[in-house]
Amino acid sequence: MADMNTLLHALAGDAEISLLLSDEAQIAAMLAVERALAEASADCGWIGDDAAAAVAAAVEEFAPDWDGLAAGMAQDGVVVPALVRQLRARVVEPHRVALHKGATSQDIIDTALMLQLVGVFDVFEERLSGLLGKLDGLAETAGGRELMAHTRMQMALPTSWGAKLASWREPLQRHLRALGAMRRTLLVVQLGGPVGDRGSFEGRGDAIAAALARRLDLGLAPPWQATRDPIVGLGNLLALISGSMGKIGADIALLAQNEVAAVRLEGGGGSSAMAHKSNPVNAEVLVALARANAGLAGTLQQAMVHEYERSGAAWTLEWLTLPQMVVNTGASLRLGLALLDQLELL
Amino acid sequence: MADMNTLLHALAGDAEISLLLSDEAQIAAMLAVERALAEASADCGWIGDDAAAAVAAAVEEFAPDWDGLAAGMAQDGVVVPALVRQLRARVVEPHRVALHKGATSQDIIDTALMLQLVGVFDVFEERLSGLLGKLDGLAETAGGRELMAHTRMQMALPTSWGAKLASWREPLQRHLRALGAMRRTLLVVQLGGPVGDRGSFEGRGDAIAAALARRLDLGLAPPWQATRDPIVGLGNLLALISGSMGKIGADIALLAQNEVAAVRLEGGGGSSAMAHKSNPVNAEVLVALARANAGLAGTLQQAMVHEYERSGAAWTLEWLTLPQMVVNTGASLRLGLALLDQLELL
Amino acid sequence: MADMNTLLHALAGDAEISLLLSDEAQIAAMLAVERALAEASADCGWIGDDAAAAVAAAVEEFAPDWDGLAAGMAQDGVVVPALVRQLRARVVEPHRVALHKGATSQDIIDTALMLQLVGVFDVFEERLSGLLGKLDGLAETAGGRELMAHTRMQMALPTSWGAKLASWREPLQRHLRALGAMRRTLLVVQLGGPVGDRGSFEGRGDAIAAALARRLDLGLAPPWQATRDPIVGLGNLLALISGSMGKIGADIALLAQNEVAAVRLEGGGGSSAMAHKSNPVNAEVLVALARANAGLAGTLQQAMVHEYERSGAAWTLEWLTLPQMVVNTGASLRLGLALLDQLELL
Amino acid sequence: MADMNTLLHALAGDAEISLLLSDEAQIAAMLAVERALAEASADCGWIGDDAAAAVAAAVEEFAPDWDGLAAGMAQDGVVVPALVRQLRARVVEPHRVALHKGATSQDIIDTALMLQLVGVFDVFEERLSGLLGKLDGLAETAGGRELMAHTRMQMALPTSWGAKLASWREPLQRHLRALGAMRRTLLVVQLGGPVGDRGSFEGRGDAIAAALARRLDLGLAPPWQATRDPIVGLGNLLALISGSMGKIGADIALLAQNEVAAVRLEGGGGSSAMAHKSNPVNAEVLVALARANAGLAGTLQQAMVHEYERSGAAWTLEWLTLPQMVVNTGASLRLGLALLDQLELL
């Protein structure tokens, strides 16, 4: 099946980020978690080294039956039962019981998400640094230039481009720092077992979790199956990032108005009807992405109301919002870089 | 490029609806609009019949250069300039000027969306009717059975399954009527030209719009390029539909609790850790979709603040929200049908 | 206790609407419902005429103990139990049992809200008509004047003020019609009894509901205690109204930019620092109200997921959102009228 | 004018927090800022000590003309111009020019908000600590007791009350730490002058800002008039807090179901129709507040798109959302404390 909305993605999506969130990437991350869990369990003497090796061998040669995974996802609400069934068939006996031992679907899914987010954070940090560099470059060459300030949509008093560029820069700098901090607080293993209390690991849960974290180079945390504030906090940060980009987009669209003409955009968008138009497309899309992410952040916040030890409703709601927010944020940063390249200060 | 999130779609998506909103379907609808516009223009004597025939011939043999369309979308913020360039190259001279004559991108995009929505409405109405039928069937066989009512999460007094089923049914009946009404008020042509006043049609705009509506079997309306309340109103209805399904899902998840056991679900979801579980997956996903759509409805409402004669930001925001809402709503109805099939009243 | 946010209300509130939604207005409406319910019950022979007269007499002389009502609200989550206790003490025996007979709190609260909304609809319709009149006046005097159209934040082609004014007018006309339609579909009695099936009225529920509707001049409907789509639908319409006003506000703020100068606003807002400023305050507040209401509409949609026969959580969420939306909408219309009075087309 | 919605506030409001956000508190904070600004300006030799003393004297004896302030708010969109006019009339000449020198309305309003938030943070930290203490107490007495865990709304396996209580506790501990961190990053002075670049302070802006921060015991930061991510970040944290409380509320409402009976609530809410009911009102309101705040957080995120050097629309949107979120959060913590007092583990 061809991807069905390539056109909208070309405008407002992010191919690099979408790849990091694809089914392939997710299943690969889940397999890495299952393997590391077996190895961590062996590290702690809960299963044998041969059992861990058997799981690792199965993971290495595993090729998913995608239709089976999709059917399992629809049936069980999570893909892990089907994945484990398929994978277990590849584990040589008597080691099948060692696969997924003590774990529950959510352990695998949440930890896999963290692994995927490592790559996302890498991209975001690189793009934010790129944006800061471009803003610094503009400030160096044009920071002293005068710019008419506008407050409440009316001309106010002259200010400098340096002040304007600094006001774009500071939030991005804050967001870069916040991403760095979140690497330690958010990118942690999930290991709780069926009811989130590590009871299924028969007293070795904490040790296995620590070994799992070491093996996956993730942080360590108590089980967080039903306490989703770190996930929602990530969504909040994503909305702040795209919001800051939306502010830049709004400013540039306003400054590029023909009547204001404080900036010019090279390679603006064309019209099917008016040959003279040079539309600030990237600036406008930054505003749209900011507003879309703002709304999604509010929706993701709804997932804080998480019933009991695991809520299928609240968790599914995360899946319906967070990945889209990650892509939107990536697209914001991508388009922001492009927009600054187009920008000529007048 | 493979579709990258097949697994989530298997759980919470809707293949039939996604197909109606695919790039292929959208471009096909746009081509139908360009052709009908040429023919309507000929109907009104604004272009010659031979010109309209030349456009129609080009449309019939047209095969898009998808990469070119994607590049145009990214460049112009709308796909129509690139599409018209590609299509115009297929129109035999001297008729190229007749293609897209007087129109603007938004005329094509908005009208094409209406054509796509006709198919969506067909599906939704069929599914709503199916749901009503299943509820009627349940009422017939079990309406007189007693059911403990709960208010504020506490046991209240006995009521009947008939009353419960009626409370599920009435909103769906209302939504079905609302969809029918919206066929007349929402599914209308957009024809305004570059600035939305039909001035580009040199006095024949109203007549051409009427002919276009006739040829496409859509309603007639004044240009609505910057007055988006009908689009937002559709989003609101979609959220009401998925919200009503979410209410059913919430009820069923509660009634299926082991401790309440007022219903049983055949074929509930399995767990990777607890063999005894039979999870109300479809019910939970209905709740998640209701909440996702509720949030998206609020975001789409933000697009009401539409700058000037056409806002790239507000319009792009519609694209980032409405299609997802349509899919979510389709998935709600699909899963609702499946859930009622699973439902056994105890 | 003095109202604590008079300043913000002066800018973005609506005193007239707030009065219609005040505690006093709500309790008065509830008392009217209790009285009408007793009288309707007598109409149907379920209680005696003397009992109904005793209830009516108690209502007429009733003065609430407000502290007791507040304490009851905090205790019970609804004010009705405390109100009924206070009121019942004023009913002469042996008629106390006739008060609130068969009813539940929600019957009183929801029906009282409908009575309050009648007054709100009156105000909204009058203001919408006023806006339409002002727009018609502007179109008459200046509709033929040329105006530069802008699309995607860039100058497009000249259009006319007539087209611009029409694009502001049409949605308001639609909203006025929608309010009229909602008088019949939304403004209906709620009568269901404890579990919403009218079982507590021992076979006379339908007749009493009909008599109640007649006496209160409201529409008749089956119980809708847990099917809240009409309430949410009202919220959606409110957001459309304030959204349409926000679009007008956005346009005027853009057209009033010094560099664009297509309109001038008399009596713009002053600055504490820049004497030359004339800020488009009313236009900006219209945008803010539109965005606030858009968000609230999405939140209210979350209340569609209503557990069981009555959800305290979902119902309370309605109270936390809908009244604020009604006030925001009223403020939008109020400020829109003021803004059009300030507006001078250049 | 009496406060018009005392009843709803009694259920879901917070009198202590509302007082900290009242007009009186806000004007008092603004006066403190104006005074400290004059004193800081004298510290830096920008105005004379006698001028600062004259401003301080005026502040001390000032009694606002509230009607005038309200009229100014409606006219100017901010209260500061009217406030400064009233206050300036109390300053003895020749020192009137020293009042508000170099400042703009936003400097006063934003900094005053920070002063108000200090008190709010005090209350929130105290309540969070109280909640942690109560949870610790429960864990001490009942942590070892068995509790049936539920996942996806189905019985899973036994867990312990200790694990459940820990899952309620950890997010609250995180939020308490986050509030502490925000005292340093959020509670900072705003000083930028008319266009946010401190140009109006003629080279002494940085020094005056530092002195102002010292005098008000707030942090120091560059002007943040148009970079609102710290404000929005506060909103996000508030939604996380009320979201965590909503999760506790949802759990308790589920555990208190008659059929589950894992907890009992003393003093549950009564019904006007069913004498046997004991409704988990506080638990339900926690869920409603969580959902209301989630939605408001998304709406506040929309204010990130802030036009130019100061957006009246985006700033007003903050005022329409953030104070309500602060009250909702306070109410969440207040009700959470009450709910834990009611809670009896079975």
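Labels for the chains are A, B, C and D, by order of writing; each one numbers its residues from 1.
Keep this in mind: a contact is a pair of C-beta atoms (placed from the backbone, for glycine too) under 8 Å apart; a residue touches a chain by one contact, two chains touch by 3 or more.
For clarity, every value in this text was computed on a predicted model and none was experimentally measured.
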*Counting only C-alpha atoms to place each centre, which chain is farthest from chain C?*
A
*Tally the contacting C-beta pairs at the C-D interface and at the A-C interface, and name the larger one.*
C-D
_Length of the line joining the C-alpha centres of chain C and chain D, rounded to whole Å_ = 27
*asked:* Using mean CA coordinates as chain centres, what's the gap between chain A and chain C in Å?
replied: 40
*Identify all positions of chain A at which a residue touches two or more other chains, and write them in rising order.*
77, 150-153, 156-157, 194, 249-250, 253-254, 269, 271, 274, 279-281, 284, 287, 291, 294-296, 298-299, 302, 311-312
*Residue numbers on chain B that touch chain C, as the complex places them*: 77, 149-153, 156-160, 163-164, 166-167, 170-171, 174-175, 194-197, 199, 222-227, 229, 232-233, 236, 239-240, 243-244, 246-247, 249-251, 254, 287, 290-291, 293-299, 301-302, 304-312
*Using the touch rule from the top, collect the residues of chain B that touch chain D in their complex.*
150-157, 253-254, 256-260, 268-269, 271, 274, 277-281, 283-284, 295, 298-299, 302
*Once bound in the complex, which stretches of chain B touch chain A?*
1-8, 10-12, 18-19, 21-24, 26, 66, 69-71, 73-81, 84, 100, 103-105, 108, 193-194, 200, 249-250, 253, 267, 269-274, 279-281, 284-285, 287-289, 291-292, 294-296, 298-299, 302-303, 311-314, 316-317, 319-321, 323-324, 328
